[in-house]
Every structure is written in C-alpha cells, then in structure tokens.
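Both complexes below contain chain A, partnered by chain B and then by chain C.
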Partner chain A sequence: MERKIPLPLLVLAVLGFAYMLLPILIVVLAGLTSGEFLTFPPEGLSLRWVIAFLQSEKYLSAFFFSFRLALMTMVVSTILGTAAALFLSRSRFVGRGAMRAFFLSPVVLPGVVVGFALYAFYISAGMGISRTIWGLWIGHILYSTPYVIGTVGAALATYDVSLEEAARSLGASPWRAFRKVTLPNIAQGIQAGSIFAFIVSFGQFEVSLFLSAPNSEPLPIAMYNSLRYKFDPSAAAAGIFAITLVTASVLLTNRLVNIRRLLDRQ
Partner chain B sequence: MGRASPLRLNWLLVVPLIIFFVIFFVIPVGLIFATSFNPQTIGQVSVTTDLTLDNYVRFFTRSSYLQAAGRSVMLAAIVSAVTLFVAYPMAFVIAKTEHPGRNTFLMILVLAAMQLDMVIRLYGMMVILGDNGLVNQMLIALGLTGPDDPVQFMYNFLGVVLGLVQFSLPFMILTLIGVIAGIDPSLEEAARSLGASRSRAFRRVILPASMPGILSGSLLVFALSISSYIVPALMGGFRVGVLPIHIFQQVAEGARFQFGATIAVILFLISAGAVAIYLHIGARRSGGLA
Partner chain C sequence: MTDKYQTTRRALLKKGLGLGAAAALPSSFYINHAWAQDVTYDGGTFDAEGATLNIGEWGGGWEEFVRKALTDQFEKDFNCKVNWDSSFPWFPKFVTQGPKEPVFDICNWNLPNLTQTKQAGDYFLTTDEVKANVPNAADCWDFAFASGAGVTWAYMPYVYAYRTDAGDPVNSFRDFWAERFANKRGTYGTENGLMHAFFMATAKEFGKDQYDMDAAFQALEGAMPMKISEFTFNMLSLIERGEVDIAVHIEGEALSLKRKGVPMDVWQWDSHPILTQTKTISRYSDPMQKRLAFALLNRTLSPEFLNAFGDEFMWRPTNSNADITAPLKEAGVMNTADATKAFWVPDWDFFVQNKQDITERLNSIFGL
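On to the complex of A and B.
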C-alpha cells in the first residue's frame, strides 16, 4: 500500500512541530536546570528554581493573582457566553451572523488598542478601576467570552432539538424540557467552554498591558517585566506550573468534547 | 392542538452580553476614535468638542510614523507567508492521520501550544536564539562562528519574524486542517489514475483545493501578528518600531493620549480590514453561517 503522506511533507511537518514545541520544552528545562542559566549541553537537573519560585513573593503572588482573575473571568464569561450561544443557535433573527461575528471580534482585534481604550474609558468615566483587578476583569471577559460562544455553539450545532420537542409533547413544561433534556446534552460543551475561558484569561498579555499596576499584576505581565532585564530561571519555573495547568486543561477539554469537531466551526 | 415547541428563547438571553459589549467595547473604542480628533494635550484624557485633524496630519507627514506603519504591514505580510509555508505540511499530516488516537494527540499539541501564554513561549525562544543562546553556543562549539561574534537572531527584524511565526503557527494549522480534511480524496485518485505523479497531483489538485483555507488563514495571521505588542517588545528589544510599540510609548511613557489614540485607530482599522475580508471569505465558504 502506498503511504498517504509524501515523505518531504512529513519531514517538513516534523521540523514544524519542533519549531512549535521546542521553546516550550526549553522553558521546562530552564526551570529545572541546576546552573544559573540554561547551557548546551545542560549542566544538570535540580529543583532549586522551582523552590525559588515557590518562595518568591513576586511570581507566586502574580500566579495566584492570575488564577483568581481567571476564575472570576470564567464565571462571567461562561454565563454570558452560554446564554448568547443559545440565543444565536435558536433565533431566526436575520442579523445573527453579524452579531456572532461582533461577539467573536475581540479575539482578532489588537489587544493593546482595546486595553488602551478601556484604560482611557475608566479614567474619563471616573470609574476608579483603571489599575485594579476589576478593570482587568472586564478586559479579560471581552477576550474569554468568544471562546465560550464558539465551544457552546459547536455543542448546540450537533444537538438535535427534536429531543426537547419530544419531551414537550410528553407534557413537560418548556423550562422543564430545556433543563432536563437540552442542558444535560450541552453540559460538556459548557464545561469545555469555561475551561477555555479560564486559560485564555490566565495567559492574556496584550489587553492586560495598559490595565496592570505593580500591586495588581497578572503572571504574564510579571514575567514580561522581569524578562526585559534578565533571564530569571525562577520565571521559567513559574512557566512550568503554567504549562502544566494549560496541558491539563486541554486534556480535560478533550475528555469533555471532541476536539476535532470543535474546529469544524472555527 | 398546541405545537410542542422547544423553549422559546428570547432576547433576554443575549441582552446582558450586548449591554456588556456596548459599554466596555463599543464605547471605549469609540472614545479612542473621538480622542484621536482632539488636539494633543499632554496628560489630558477626557474627550472635548474641539475637533482637529492635526494628529492625523502629524502621523502622515512624519516619516518615522509612516515607516512604522509600513514596517508593521510588511512584517505581518512576511509572517503570514512564512507561517503558511511552515504550517501547511503540519496541517496536512494532521488531516491525513486517520488513527483517532494519534490524530487527537497531534490536535492536543497544537491546542496546548496555542493556549499557552506567549510570554512563556518567548522565554523559550530567547533561550534558544539569544546571543548566548543554545544555537549560538552550538555554532561556537562547532567552530562555525567566533565566541565574540554570535549570530544575531534577536533584537532585529528577523527575531520578530521568528517570534511571530511561533505565535501564529497554531492558528494557521487549525484553519488549514478543516479545509484539507474536506478535500474529497477521490479528486486526487482521479488525477493519479489519469497518470499524474504524486507530486503533480498534489500541486495541481490538493493545493488549489486548499486555497480558501490558505487565504483565510493568512488573513487571520496577518491580523494577529500586526496587533502583537509582546513579540516585537521581547524579540525585537524595542529596536523594531511597529505600531503597537508606538502606541504604548506615546501613551504610557509620553502621556500623549490623543496621538496614541490616532496610532491606535490606524492599527485598529488595518486589523479590522483584514478581519472583515476574512469573515467575508468564511461566510461565502459556509453559506453565510460563519
């Protein structure tokens, strides 16, 4: 039998995967090195930088700040995004394609501009949240909600609405039929969407740039500020925890929804 | 007899998100547009009714800003082309991997890379490509370059391109997979049975059929990479002046909100333009449902 993938393409693909993944692997190694910085060949492995991270006021507080912010963002994005996805999937409103595009647009529009716009808005509206967790929260919700809409929308697209109609014809009230039949069927899509919302917020840099302050600093901003001046291996150790969190989240998403199907609508 | 209709979902479901987006997205971005037409006043944030085109005149008559705009556009275009070249074989392999476990494994790798914080990925890039980085250490050990003469992969245009390609790869791959997987295998078989070689069938059948994905993936990557602040900041070391860097410098360092807003509007319009074409192509492909 003939191989399906031509050899030159396979070789290029392997090189491409290396380019995509090697930097991530290097961060793990840099966080586990026993030297002051990563050398080739590596000096040896140790947990000294992991311990340094766990004892560092700066990174550990930024890590927990990001974690809290991501949880707060996840809750609001999941509620607003799920409700909007339900509307978009069932409404026959002519402008719903445009509305969907509008809700998804923050993902591809410049985060620096949106962050700056929110910063200017908070100040000129006298809201007093320009450099607090609340200001960051709003910016992160804008960037996380589209992922919930996309994921829940994909779950709804494969859900057969006649199930709910069947429950209705057997005498269930509209709300009861929705709650008992539809909601359990899309629950995994909602859970996957909320995980996406969490990690998008946890890794958000661009929109946070204008909205952070030294005492309210998410992890990416804290790492960026130290990386501008020197390579701090304890930042790489912080990175190891973030890599673990993201990998676990994607694996969990994969158990909840069919990742391959998720992309059909992107 | 009453029809057993599903729960009638009304506008109340979507109104909270609409209100949220209007207050915290439309109005702030509108405010930036309005601010860009106000005269430059250092430290002044609030919008006034005093309208002027001075900021735009300044932008379009100072060569440094025009060059930054040109550099940004050229950078994003180069990154789109390079990313396409690197991503296509990867997407092809994923699309043609039929074993469900292996396919899912590759997809997880792409999604995890996409979702991982860019600052962390850039840390890895800098350890690899810096002046004392792993590649230079290797080149010096092999005697290909002198210890005091490292190859400059970073703090220049090349470094920003390398970083942005790393950033954009997952987005391009995900866009291409769907299109490549959707190409009917019988097309290639037909070409082969008519005597076309494998590479000829690939060039003449598969590649043209992937064109919609190639186009929308490139526009997506263009919009994402022209907007990036973090990659030019770290990989370019502020030596590659692109529009996002200029915005931050004007606003955060110079407190020149009005001129910063002008650059922001210009960046926003370029990026939104690319996104609009992207959506238009996507809408045509999926019959208007995108």
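On to the complex of A and C.
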C-alpha cells in the first residue's frame, strides 16, 4: 500500500532539501564562471577555472593529500567508533552516560578549540608530532570517530541481542557470533558512519588549521589560502571536485550496500 | 638485606658529590646549547647538508610565486629543504611552543601580528642583529627597520579604491564619509590588518592624534552602514559589481582591478600609512637554521627577487636598489629617499595593547 505524505510536510521537505542543496549549486556555478572573481551569479559559463584547478600543482597535491588523509581517518575511525559503540551499548556501569558524552565531546566542542588543544598537548607532551601528518591524522580521527559512534550506536539500539545469544547457544564462539550475526545486522550503521568519517575528515578545516604539517596542506586550507590571497574562482572549482568526490563516495557505498542486500536475498 | 645495599658514609658523600655535579649540568647545558653559539653570515652560498628550514609564509598564489622565484632555487643552492607552513595565524603557534623552541626559523608578518608576538616574549633577533648578517639590508630604506624586529622587504600604501563612475574623484580622507557613498562604503572585519590601519588613520584624522580612540569610534559609527568583508580580493569583487563604490584597500591589488578595465581608481591617504611585509628570524633557532634564515632573508631583499615580486603583485620594494614595477612607475611612483620620507607606520604597540577594547567596540559598531 502506498503511503501518502501530507502536502504541508512534503512542501516543507522539498523546501528543506532545496535550502540545503542551494549552496552546493552556487559553488558549482561559481566554479564554472568565466569572470575573474568568485561571484554569484556567474558572468557566463566557462571551464577555465576547472582547467586552472587541474593545472594547479598546489590544488591537486592538496586534493590528493586530503583524499588519502580522509581514507586513513575513515579506516581507524570506523574501527574505534564501532568498538566504542559496542562497548557503550553492551556495558552496564555507573557513569556510562558520562562516558558516552565524553566520547562525543569532540563534536560538541568548536573545532578550533580541539585543534589548538591538541597542538598544545603535542608540544607539552614532547611527542614530536606537532605539525606532522601523524598529529593531523590523530586530530581528524578524534573529530570523526563520534560520527561513527553515533550511527553504529543507533544501529545497535534497534538490534535484537537475542539473535547473537541464539548463535552462542548453538555453539558459535563469541567472535563467530559477532562476525556472522551482529556485524551483518549493524553493517549499514557502520557504513553510514564510515562515510560520515570520510566526509568530515575531507572537509575538516578548523582542526587542520593548527595541526596541518608544512608542505602538506589539506584541501580546505589550500582553498582558504587561495581566497585570502587571490579571490579567483579556482577555489570554487576545487569545491566542484570535492563535492563530486563526496557524492560519488556516498553513491558508491549505497550501491555496494544494495548489491550485497541483493546477494543476501539470493 | 645483603652488603651491597648497605650505605656507608663514604658512599653517601660520593653520591652527594655526584648529585651536586648533575645539578650543575643544566647551566653548562644552556651555555653550550646550539642556539647560544654565534652565527654569522656574509652573503655567500654554503652547504647546509640537507638541513630543514622552517618558514611561516602566506599560501595560495603567493606561495606558488615565491616558491618559483625564490625558494626552489634557494633549496638547490644551499642544499637544504624548506618546510613551508601557510596555516596562519602564527601568534598562537609561537606562544604555545615558546621562544626557545621556535615554531619557525624565519617568518613573514604584517606588523600588528608581529608586534603582538614581539610583546609576548624574546622571540626574534633585533633589527641590528639582522642587519649585521644580511648584507642586502644595508641598501634598505630606514622605515624597513621600524618594527624593531626583522626587516620589512615590501610594502604598499593604504588607499581608497573607488569607482570613477560614482561621482567626482576622491581627494580627501573624509570623502569616505560623503553622503553619496551612503551604504556603498566597504571596509573589513576586526581581525583584518587593513581595518587596524583604517582605525588608526581615522583616529589621527578625526581626533587629536592616532591614539584618540573615541574619535575613531565616533567617526566609524557615522560611516555605518558599511559592507564588511574579510578579504581584500573579495572587496575587489564587490567594487567590480558596483555593490561598493569606495573601499579601504591597498594600492597594488586595487590597481590590478583598474588594469582589468573596471572604471575605478585609487587615492592614497594623506597620512601615508603603509601595509608591510616583514620577515623575522627566531632568536633561538639552531645555528644552521639561523644561518639559512639569514641567507633566505638576504635573497628576499635582493633587487632581482623584489623586481620579480613587484611585477607580479605590484608591491613596492624597500631596497633602494630595486625598481618600482612599470605600471606604478607610469603612475609617478618612485623608489627614492624623498618618495619614502612621508610614510607613516602607526604605533602598533599601542594598538596591540588596546586591541581587545578596539575589537569589541568595532564588532558592536559593525553589528557582528
């Protein structure tokens, strides 16, 4: 039976989506301008700034650096975030709520505060990782992991633990029960969390401002610098590629999830 | 307990002497620490044996140009690696690491931020110490050393950029407040150096002197509503589109828009403040890095680099032997002692001491 959405709600939803998508459209159009400056509406359409982006060694190295960093962050955040979510959902102890709030605190705090606090910590601890790729990576993991905890936690909240218990009672080891029963049931939450981690890391600016390493500029910092010293639309052209990458990763993941669902049914 | 753990009086005395000697070690460590050694530089090239030089410099198109025109060749000539950090602001990085672990060996600044850092500790070599080791500094105009730390290598006068199709040409600082520019005036957010200079120049114009903050606040209130931008290039786009008819700006960038055919011109403020690029060298950098920093600053001050830089970005050089780029020369700009005599460097020490009050008040005037 087809479910009908009330008209006012539908209108609100369409307006909401339009409001959220409009900035993306503006970035794309601004990057395709034929004018000299980053303005909207564009003065005619042209690929000159897209070509300028593709020819800019600075932008390309920043783009691929951000891509690698986001991938590395995604992997670690997904593992840590999933483990933390499992721990929080399955443990019963005093202060669990406080611990959950603690795990999620990097998202609540302003990114600049997190970035500067980490920077000061690296220096005072004498770890030798301030302004290195490793220090930046840790910062991104810290900032991205709460998103994984949130999505995996939501998946675990609706997961029926008795399924795993049934597997255990039939002789499966804890690891086998987790791998064969729990993991497939929370896989979508993990995948959503890992996409979030990737996107958050790829677009992270405030934390990178203090932690980025010399000669290794993430894309948002490169775009900011470009706007500071040259207000040309190449920053918007870089934005087009960033949006494309993020959209492609979301679509690809959705596609993979659907394919697996299909295989599972067979 | 066995005999070997029993402490005799003689052993105790020996241990005491050992501890005393160890306690004396830190002082000798500091005396012989690398940064305590004298470093000199005479202008020649040398082999830095692959050492890394940490620099704080602007990024984006600026970095791309400076790398090609200066640092790429510098790395080859001196066998070193330049670690380029463009993640501004520098001040918190310097202060967090402290003077003795300098975050950068050589750093490029605008004066208000430099002054703020200089006031926070013993971070930089004095201008005299730099001059003694940077041969090209001898050819610079006196105002290049006004900061008291480092050397100013390029500068631009502050100007009004205005649309010529919006009425008579601008010829006075107070024209910014003219009725015809109502709601078409442009200035910058409170963290932008151009706003700092505009504030000091406004105090000087409307008050007793540059320290008359109340007069400046009152005048700026009278200029509202204004369009507040964060970046100078963004302001250029507002002028190009006609959203702003007059704006606080700097000479070279504003003229670059005029060269693109936009009906606009610039008027240099009669108090003649200048926006400067100043490079400092960290006092406690290691000897090799300090020597490399001297060498890089020396190359920065060379007429060859300054001429190329001026041609690209239209900044004026502080080296008396360098040339003014052709478009500025055609507009009558000269690089002579007389031409530089009128320049005014606002009292940034005063500004930094009162920065918090100024920022809060300006934010409230701007409605930020």
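To be clear about the criterion, the second predicted complex is superposed on the first by the 215 of 266 C-alpha atoms of A that agree within 3 Å, B and C clash if a C-alpha of one lies under 4 Å from a C-alpha of the other, contacts with A are read in each partner's own complex, and residues count from 1 in each chain.
Keep this in mind: a residue touches a chain if its C-beta (ideal position, glycine included) is under 8 Å from a C-beta of that chain, and two chains touch if they have at least 3 such contacts.
Computed from a predicted structure; not experimentally measured.
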Task: Kindly classify A:52 by the partners it touches after superposition: chain B alone (first), chain C alone (second), both, or neither?
output: neither
Message: Contact-wise, after the overlay, does A:229 reach chain B, chain C, both or neither (first, second, both, neither)?
response: second
Task: Identify the partner contact of A:208: answer first if only chain B is touched, second if only chain C is, both if each is, neither if none is.
output: second
Message: Looking at A:109 after the superposition, I want to know if it touches chain B, chain C, both of them or none. Which is it: first, second, both, neither?
response: first
- request: Name the contact category of A:36: first (chain B only), second (chain C only), both, or neither.
  value: second
Message: I'd like to know which partner A:217 touches here: chain B for first, chain C for second, both or neither.
response: second
- request: Tell me which partner A:174 touches in the superposition: chain B (first), chain C (second), both or neither.
  value: first
- prompt: Looking at the overlay, what does A:71 touch: chain B (first), chain C (second), both, or neither?
  reply: neither
Message: Which partner chains sit in contact with A:129 here, chain B, chain C, both or neither? Use first/second/both/neither.
response: neither
- request: Of the two partners chain B and chain C, indicate the one touching more residues belonging to chain A.
  value: B
Statement: The shared contact residues of chain A with chain B and chain C are 37-39, 116, 119-120, 123, 209-210, 227-228, 231
- prompt: How about chain C: which of its residues touch chain A in the complex?
  reply: 54-55, 58-64, 83-88, 92-93, 96-97, 101, 103, 231-234, 236-237, 240-241, 260
Statement: chain B residues touching chain A in their complex are 4-9, 11, 13-14, 16-17, 20-21, 24-25, 27-29, 31-32, 35, 45-47, 86-87, 89-90, 92-93, 96, 103-104, 107-113, 115-128, 132, 134, 137-138, 141, 165-166, 169-170, 174-175, 177-178, 198-199, 202, 220, 223-224, 226-230, 233-234, 244, 247-248, 251-252, 257, 260-261, 264, 267-268, 271-272, 275, 278-279, 283, 288-290
Message: Show me the residue ranges of chain A that touch chain B in the complex, using the header's touch definition.
response: 4-6, 9-10, 12-13, 15-17, 19-27, 30, 37-40, 80-81, 83-84, 86-88, 90-91, 97, 99-103, 105-106, 108-114, 116-121, 123-124, 138-139, 141-142, 145, 161, 164-166, 168-169, 174-175, 177-178, 182, 196, 199-200, 202-203, 205-206, 209-210, 219-220, 223-224, 227-228, 231, 235-236, 239, 242-243, 246-247, 249-251, 253-254, 259-260, 263-264, 266
Contact set on chain A toward chain C in their complex: 36-39, 56-58, 116, 119-120, 123, 130-131, 208-210, 212-215, 217, 221-222, 225-232
